[in-house]
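A short worksheet on the structure shown next.
Read from first to last, the chains carry the letters A, B and C; within each, the first residue is number 1.
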Amino acid sequence: MNDNGTLLSVEDISTHFFTEEGVVKAVQDVSFAIMKGQTFALVGESGCGKSVTALSIMRLVPEPQGKIVSGEIVFEGKKLLSLSEKGMRQIRGNEIAMIFQEPMTSLNPVYTVGNQIVEAIKLHQKKSTSQAWSDAVEMLRRVGISDPQQRVREYPHQMSGGMRQRIMIAMAVSCEPVLLIADEPTTALDVTIQAQILDLLDRLQEQNGMSILLITHDLGVVAERADDVAVMYASRIVEVAESRQLFAEPLHPYTQGLLESLPRLGITAGRLQTISGTVPEPLHFPAGCKFHPRCPVGREDRRCQTVEPKLREVRPGRCVACWYARDRRQRAEDRRQSPESAAVDEG
Amino acid sequence: MSKQTQAKSNWGTSYGELVWREFAKSRLSIVCLSFIVFLFAVAILAPFLANDKPFVIRIDGQLHFPIFRNLGASDYCIFLAAVVGCSQLLLIKRNHRHVDPSIRGAALWRQICISSSIILIGVILLFVFVPRRLDATDYKAMVACRQATDAIFAPIPYGYARTNLKLREQPPSWEHLLGTDDVGSDTLCRLIHGSRISLSVGFVAVGISTVIGILVGAILGYFGGKVDFIGMRIVEIMMAIPAFFLIITIVAFFARSLLNIMIIIGITSWTGNARFIRAEFFKLRKQDFVQAAVSLGLPLRSILFRHMLPNGIAPVLVNATFGIAGAIFIEAALSFLGFGVAPPTPSWGQMLSLGVSTTGRFLWWLTLFPGLAIFFTVLAYNLVGEALRDAIDPKLRTR
Amino acid sequence: MTGKVAVPATAKRKRRKNIEQGISNVEAKVPNMVNTNDYLLRVAGLKTYFPVKKGLLQRTIGYVKAVDGISFGIQAGQTLGLVGESGCGKTTVARSIVRLVPATEGSVVFDQTDVLSADRVKLRELRRQISLIFQDPFGSLNPRMTVGNIIGESLKVQKKAAGSELIERVTALLSKVGLSPDHINRYPHEFSGGQRQRISVARALALEPKLVICDEPVSALDVSIQSQILNLLKDLQDEFGLTFLFIAHDLAVVEFFCDIVAVMYMGKIVERAAKEELYRNPLHPYTRALMSSIPQVERDPSPSRRGRRTTLGGEVPSALNPPAGCAFHPRCPLAEGVCLKQMPVLEEKGDYEGHFVACWKCQKKLIIDNG
């Protein structure tokens, strides 16, 4: 990857939570890089560590249980993990902003939305109160809220979920960050509103030229909005690729399984393909490749059961953490040789 | 056999076990719980710990057991309840290892019914058949006069009702570890016997208020609407009256017996519980598993008692723990003001009030020791309640 | 659950036939046109209003029309999908049918029995034949009961089984839904979301119901688990000839699972048709917008769909004061004149029989000669 175009590079980050039951390895050796102006998606099922990765970048991992135990995060040439808390505060909200999943709880209910946006603006920029207010109104207009003069004086509970998410976005982009981390920004919203919010993010990205780290579980959103994708499973990245290539030709069996198990418009055949079993508990990860108990190949293979594969470049631009990275055609051949039943054996 | 052990390994962890596990994580709560258990042991064994009657004594060559002859019906009742209670606890533990989880609830219910009927019948029988004796013999004097030999006394060889005007208002000494009060009774002995009053007031009063509270709260919460509207107004009126003055007023009309005080505290403090249960029922009624039970066509009885009550009762139990502390406090305050149990029955609050004697002297040991006893008991109950509240935190239910 | 229900093959065939025919008219105003006996469940003109109360005396100041005149019918062995965004009243429809929520008006006829006027005994009997599967796998199981009790309670209460027979039947149900019989003595908190949903399914099937109402059964689950549950439901339908009312917000899931699809918006059905017809030829602008809003995974490395969609502007209006005329008009790209004043009725439009749309702007039914 081209170094001078890189905005953020995450290098072998591991974040662990030290609980009474044991050490929860929420993120293990995660590496990826986000280019300037790019949308990078981190996709995975609940509990796979994608949110913790985002919190690690912001250095907001809840202490003292959570700790970034190794790795480095380089943002515009600055090593974030060795910055002081004060230096980090300069970056948070100013250069890297974050929006969360729950638009209902991430706004303070006792202040008007205007107050909250103004506070965010004044914290990072030297502006007079009146100027900040007019900026806030302008921000609301930019995120597509009609009648912003009126809305700026309203309280969060007077607004719908979609509107609140717009407010959150307005707050996040008010300081023109170069990186916006969006943690499941549309999960709590209806599809029609989701489309509006995603369009809004697209538009803002075009105007500001900021990069977006989009964290989601929705493969559809990723396919439509992301340039590059990293797929996470059980606290590791299992596959990184350009989004179109990934969906056209997934190489990791987990990615393949996910794509095949997705009900899609127009596909109404008798049964859905499934990935058997469930996501392993973070305290009881299986040895070897963490996906092997659910993997058609790994279930029988000794190497998969004992040695965990590292993320490696199997072909230009395609990184996969699998001993047997195969594309669809090869896998179909495998299947013809040993017919694999899609039986469900959970738990 | 091997099949059975295999089956057990498949048994899940019940909610009770989860709560206990969470509770036991904190060392402080275990210490507090042990302190309460210790207090209970002291209260139950009070006649054996502090008594002016000896266990064994030889008078005229004949062995006598005056301590046992002098135990009254209420003492035997307490022993019976303690034995049944302990065996019930052991049974619960045994249930968890040997009874299939799916029938554990029914088994427990049956056991509790049997236990409580044993206690009830036992209490009635004991009060009917155990005679009241009054043995005013001063065995210590007999030993001193060499009329009797081979006497084995309790560790604290004083009776709580025994007065000795020669020894009044003595500060702590080796003879009387915590000193004596205005009529020359041993403070430590009275403290030990006083624990019975404090603990039983806490338990019975809270028991009464919890039962009333659950019944009222369940009715209001389940039916809702007009019943709830009127009921809540009544509850609010009850809450608006300062409870302590209400209690003082009522106590003034009735005989100063322990039972009266317990009942009065019980019937004036149920409002909090009623509100708790009502709120829980409102919340539970909308929960999916209750809706599922309704939609499966289960009868009302099952919905109320199998699905709603067990899930709504936890906060009430926590509240009850705080309630016990509160009741102990109220009893102490009543006794301090002279509205408590009639002397010579000892009570911590009443002892506290003797700290300033009629002669105007400040007897610090009469203030300090009962004060500490009240303080630590109330503190222990509150801490246990708090730990319990943390342990039943709803995060347990989802994880 | 040992004896297999004897009708799967016929039910399947019947279902296929229904799809071919499309659903026929079940409007409340023309009840005579259809033989009501064909339908296992018939809902006509169902309205459920929630009063909005305010003030000290709890005076009613208005109504939230959660369900506002809904009609549909489900034939035995069929699956009807009810789609809509959150707050459109689809869950209230489900709960009104089993009277978990009192309906304001209309009729619900299940198996030739009127549900809404049934007395207590009758209602309990009806509820045994209609079971529900809920969305939230964490809230729908009693945390204090073992899996065995959760599944077996209804059997026990109905005196259908007891003792070892009960355990046998619960075990059979567990293995039917893909759980191990060892799980019988565990508690819900020991299971993952997908497994809990399997327990819910087992509970719903315990009394061998005729109709299963699934209220967003997979929307709280991860993708890989979602497909497992959908497959399970489909297998069970084939095996027992079950009839489903399937409520979801995900059009792709509904397309996979259902035979007939009804799209709801603000308490009303705006479009209803057989699945193939609806997805091939969506007529209502809301349905079209919904379909276009779903982010799609396209497996071919074609240029991304960015910008190709038609995003719907605005938001769902407040149910307390719905807009006059067509409830969708503030967001509708086609709205004009009559849309703002008059509420459209659900009428048969489109190319195929049984394609109902409530829209002024949709084309009238085309008379085509289909031989």
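Please note the rule applied: a residue touches a chain if its C-beta (ideal position, glycine included) is under 8 Å from a C-beta of that chain, and two chains touch if they have at least 3 such contacts.
Quantities reported herein were computed from a predicted structural model and do not represent experimental measurements.
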Going chain by chain, each one touching the next, work out the least steps from chain A to chain B. 2
Most contacts: which chain pair? A-C
Approximately how many whole Å separate the CA-defined centres of chain A and chain B? 55
Whole-angstrom distance, CA centroid of chain B to CA centroid of chain C, is 53
Can you check how far apart chain A and chain C are, centre to centre, with Cα atoms defining each centre and the answer in Å? 32
Residues of chain C that touch two or more other chains sit at 183
How about chain C: which of its residues touch chain B in the complex? 58, 95, 98, 100, 123-128, 130-132, 134-136, 138-149, 152-154, 157-158, 182-187, 189-190, 200, 203, 207
Under the definition above, what is the set of chain C residues touching chain A in their complex? 85-86, 178-180, 183, 191-192, 194-195, 198, 222-228, 230-232, 234, 249-253, 255-257, 275, 279, 289-301, 304-306, 309, 311-313, 315-316
Residue set of chain A touching chain C in the complex reads 45-46, 160, 162-163, 190-196, 198-199, 202, 217-225, 243-245, 247-248, 257-259, 261-268, 270-276, 278-279, 344-347
Contacts from chain B onto chain C in the complex sit at residues 7, 10-15, 18, 100-102, 229, 287-289, 291-299, 302, 306-307, 310-311, 396-399
